[in-house]
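Next come two complexes built around chain A: one with chain B, the other with chain C.
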Partner chain A sequence: MSRLRTAVNNLNLRRLRFWLQLGFFALLVYGGYFAINLGNNLPTFACGFNQEGRGGVCFLLPLQHLMAMNWKALFGYAGIGVLTAFLWFALWFFVLNKAWCGYACPLGTIQDWITALRTRLGIRYARYSQAQFRALTPIKYVLLALTILIPLAIGGGLLPHTMGTPFCDICPGRMVIPLFTGDASQLTIDFSSKTAMVMTALGMLVTGLFFTGAFIKKRFFCFFCPMSALHYLFSKPALLKLKKDGDKCTRCGDCYRVCDMEIKEIADEVNEPRIMQDDCILCLKCVAACPEDGALKATFAGIPIYESTEQGFIKRMHKGNTSERHDHD
Partner chain B sequence: MSDMTTTSAGPAYNLSRQAREAENVLDHITDRFDDNPQAMAYFYELFRRVYCQGEALPRQGTLVGTTCIHAPEELIYAMGATPVRLCNGSYHYDQIGADFMPAKSCSLVKATLGMLGSENAIPRVGKLDLVVNPTTCDQKKKAGAMIEGMGYSVHDLELPPAKESEESRLYWQRSVRQFALRLGRLTGNKLTRKGLKAAMARTAHAQAAFRTLHNLRKSSPALFLGKDAFLVTNAFFFDDIERWTEAVEKLNAELAERQKNGFQAAQRKAPRILFTGSPPIFPNLKLPLLIEEAGGVVVADETCSANRMLYDMTAVDEWRVNDMVDGLADRYLKPCTCPIFTRNDDRQRRLLELAASFNADGVVYQAFSGCQVYEMEQRSIAEALNARRIPMLYIETDYSPDDMGQLSTRIEAFLESIKARKRKRA
Partner chain C sequence: MIKHASAFLLVMLTLAVAGGNAIASEVLWLSEVPPHAGHGGGEHAHGGTVVKRRGVYYKNLWLRHEDNPQQAGYVQQLPSHSPLLLLDTSGQPHEQAVQRDAVHGLYNVEFPMPEEGFYNAYLTHQRLNVDEGRRLIYIAKAEVLKHSCREGHDDVQSKMPPRHNPAIPLELVRERLPKENFHSLLSHGDTVSFQVLRNGEPLPGAAVTFTTAQGWSRQALSDSEGRVSYTLIRDYYPPWHEFEKRKAQPYLVIAAHTVPEAGEVEGTPYRQTVYRSSLAGNYYPSPRDYESYAYGISFGLFALLATGLGIYLYRRRRHRPYREVQFDE
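Then we have the complex of A and B:
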């Protein structure tokens, strides 16, 4: 058992994660071709507009549809449907927590591939300043609120029906993910109505930003993602957790250094064991980059499954004088 | 300044005085203790050659002296230059250096100045092409200009006075990049991805060897003594890094063997001491030696001549020059527990962690007289330790041997009280 644990802690996380992400990508983007259907309430961007290939549907799509229902229905019998949908979402989410972002999300994976391309080209990344970072954090909550409030207003007759799925209209996933099954039909501007035109044009713009942003900034889109905000609201009881033992931390900042989401607390916070912050994507790169035994760990239902170790750190970071092992997968 | 360095006596006399001091300590380290590990012979021999016989260190290419652990050695190696740590522990040079500094100032800074200001100084590091002086404490800061006055070329590596804020981190990252540029101008070399990666791997290899040694000291009863551990890390100041790593790995292998055989280098009940504060640097191993002669054993330390210098390892996300340099900058700033920074939470937490994981019975806190920052932190550290019921002995001293008698009485009493506590608990 302890040998297994050592082997796991010595894992080359970068490689493992690459393959897991590829697997999830195949499942969520091409699963439909193999009659896989994980339902309509997945806590990740398994885009519903990828009609044929989808192996499940992103919860934000049904959520917006349900919210746009007539108020009488919504606050009456149909409310049960909304609750059931939410329960399914919560159930999926409780298993993996935000690792849905770091391991499963197709849009996240695409961004990581863009990052891999950038590093191969030898181009450096950009970082936010702390002030910019703080300014960005609320945006995803605003987007989440709008994602719910706009459909709600439609249901109450306050807004036109053409705005039925406002977030999907501007989500880069809607345009990018269907492309992987050869469907470019989403990459258009809808001229059927004025609102549709504005929203889809906005969507085109966001998609452009998505590609340029992801090329210079690791996980650029995730900073704005309303799904990430929704996750965080319900993340406390989730089974998969990121924990920190502050007593063992030297605050060397190695975890912060490798964090795609630039979460400073991961290095600085030493009193709160529940270290996962709202931007966290549970990629566990911080655990892999921590040289202190047991300072950071991922636990599943309270059982440690992946722990920072000195030995693992040394194995991963420096293999020897001539090694070129750490090039990107 | 050079006229004052050696006028009072000829170089031969100086050499012999310096050498006598070193020889005394070395004899002490080797002869007064049984069970010295065989692999320590490499280090004893190295110190004997360098400090007693005045053998010149074999050096090729550009030589960069450093006055503090904050100068990233990986950058120096990557530029094809060799770093050598100048911090000196000799009472002889302390006295010479007294001319530069006010009466009550740090022995270490004075000795370093005295050494740099002397001709034919020991250790014979060779002609320094550059001295990197990180702007840490006031005394080191002001020493920079004095070293320049002696005719050296000095780079003041600007270190922020706080380390928590993002501003200080970015300031330091810029400062380190400036240093890399200066090294580039000095050596005429360019920082390449391959070169830096190889240099970082070499240092990481040395650090891994150090960590293994460090972890072996958790063993109880002790496998070897702290005086030897200090000698090992002290050799890192000037030894060839690869040879040093190899020698440490040999020592580790021997100690692992000892562990397997249940060997005891100290009594089972010997008080286990955590050493903190001003760094013991050869030949000033006064306190560790007094502790271990009195029956204690130094099992861990939190000083910049040992643990703080080698423990923390660098992480890099993208192995390109920019990320590697920034990663190095972070590693040299963020985990540092030097008292020059505004806050000392990290030092308190580090000491508590070390005391717990090394099962230490007490802490000995050395402050060189005149080292204000260590003197000022004494109180907060004692409080943090006492809150966990860990006794601490605070000792203010310098390089002079005059207080040995008095110190040995205090240390004996401290160890005795620890033993009494242990008996009571048992």
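Then we have the complex of A and C:
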């Protein structure tokens, strides 16, 4: 048992994550071609606009549709449907927590591939200052609020129906993910109404910005992702958790340096064992980069499944001459 | 087959022979558009307007005469109250009573649609043209989709193929577009095909007339497989600020077939029988009219290049070698 645990703790996380991301990408972007359907309430960007290939649908799409129902229905019999959809979302999320972002999200994976391309080209990446970081963090909550409130206002007749899925209109996933199945139909401006024109133009501008941003900033879009905000609101009871033993931490800062989301608390916080922050994507790169035995660990239902060890750190850093070095690029 | 034939026979037996001017013109068809805004009300759903009661969708169809799908009048006099023959999504026949609305006495029929898929509704009516010695048999058909996204999208393709009723003497069947699903909409520029069936068998040489809301009409003869095709013309020219991309443009298809079937009805002889079958539907503005790839890709590229150039210049400025500034004191 201890040998198995040692082997797991020593594993090359970067390689494992690459293959897991690739598997999830294939499942969620091409699963539809193999009659795979994981339902309409997935806590990740399995884009519903990827009509034929999708292996499931991102919860934000049905959420906006449901919220846009007229209020009489929404607060009547149809409310049961909303609760059922939310329950399915919560059940999926309960298992993997925010690892849906770090391992399963196709848009996150695309950003990681763009980062790998930048690394190969030898172009340095950008980081936010702490002031910028603090200013940007609330944006995803604002977007989440708008994602719910705008459809709700439509259901009440306060806004036009052409704004029915406001977040999908501006989400780069709508434009980018269907491209992987050869569908370029989302790369258009819709001139059928003023609202549609503004929203689709905004969507294309965000898509252009997405490519530049993802090229120079790791996980650029994830800072603004309302799904990430929704995750954090329900992350406490989830099974997969990231924990820190502050007594074992030397505050060397390795974890902060490898963090794609630049979460400073991962290095600074030594009192609170539940270290996961709202921007965390549970990629576990911090655990892999930590040289202290048991300082950082991932647990599933309270059982440690992957934890930092000195041996694992040395092994990964030794291999890192060829494979792990990109974490710092 | 026997079940269908007996159901049709039952419908025919309930018909009284309508003398004189039972309906004003040579066509009878089923429309989902109520005669007045107050009739039926209802909510929008995939497949048209429905009324929802306790979570079950109900469809209301109105009997109309005259061949313009927009301006045709509603039937006020129909001496026989023939029941509607309804084939549900599994092909099982049901009868539904035709009723008159309380306000204007117009003929309509309402039926529940508990299951996802297509419902076929048939209403048959016959009258004698004593002067010309002809028996006229009108077959008004409607094909109604029931779909709610809340029911999911599993197994859609198995529910898509059109069904027909071999007991119907003359039937129009709309063939499906490639990859058509519950969300597909016919739009102008599409080619729509119909098959004319005589008791379930393809009927060559039948005269089929296609008419749009603006009065554009085209007649064609069915080919050796009973098939006839039309390219849908653009029939909707509003000012831009009034444009609705979900504007339903009605069409009406009428097939006519004359056979030398002689006989008599209640002592009145006739020399031949004329069958007139109708099928109404809707098509919509084409996305090609209001969506632009050129603008979409231009906006995306603009955002990509502008932000990319901005970042490049920002980094280049920061890379400039230090230049000492000397003040002349």
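Basically, the second predicted complex is superposed on the first by the 318 of 329 C-alpha atoms of A that agree within 3 Å, B and C clash if a C-alpha of one lies under 4 Å from a C-alpha of the other, contacts with A are read in each partner's own complex, and residues count from 1 in each chain.
Here is the rule we go by: a contact is a pair of C-beta atoms (placed from the backbone, for glycine too) under 8 Å apart; a residue touches a chain by one contact, two chains touch by 3 or more.
The shown structure was predicted, so the numbers you read here are calculated from the model rather than taken from an experiment.
S.K.: Let's test your reading of the overlay: on chain A, do chain B and chain C clash or fit side by side?
M.R.: fit
S.K.: Considering only the touch criterion stated at the top, classify A:65 as touching first (chain B), second (chain C), both, or neither.
M.R.: Second partner only.
S.K.: After the superposition on A, what does A:302 contact: first (chain B), second (chain C), both or neither?
M.R.: In the superposed model, A:302 contacts neither chain B nor chain C.
S.K.: Identify the partner contact of A:193: answer first if only chain B is touched, second if only chain C is, both if each is, neither if none is.
M.R.: second
S.K.: With both complexes overlaid on chain A, does A:182 touch chain B (first), chain C (second), both or neither?
M.R.: Neither chain B nor chain C is touched by A:182.
S.K.: So, does A:289 touch the first partner chain B, the second partner chain C, both, or neither?
M.R.: first
S.K.: In whole Å, what is the nearest CA distance you get between chain B and chain C after the fit?
M.R.: The answer for the closest chain B-chain C C-alpha pair is 13 Å.
S.K.: Report, in rising order, the residues of chain A that make contact with chain B in one complex and with chain C in the other.
M.R.: The answer is that chain A has no such residue.
S.K.: Under the touch definition given earlier, write down the residues of chain A that touch chain B in their complex.
M.R.: Spelled out, the residues of chain A in touch with chain B are 119, 122, 124-125, 129-130, 246-258, 264, 267-268, 270, 285, 289, 291, 310, 313-314, 317-323, 326-327.
S.K.: Considering only the defined contacts, which chain C positions touch chain A in the complex?
M.R.: Interface residues on the chain C side: 43, 52, 54-55, 149-150, 152-154, 240, 243-245, 285, 287, 290-293, 295-297, 299-308, 311.
S.K.: Show which residues of chain A lie in contact with chain C when the two form their complex.
M.R.: Residues of chain A touching chain C: 37, 39-40, 62, 65, 70, 73, 77-78, 81, 126, 175, 184, 187-193, 196, 200-201, 204-209, 211-213, 215-216.
S.K.: Can you tell me which positions in chain B touch chain A when the two form their complex?
M.R.: Of all residues in chain B, those touching chain A are 164, 166, 169, 198, 200-202, 204-205, 208, 211, 215, 311-320, 322-323, 326-327, 330-331, 334-335, 346, 349-350, 352-353, 356.
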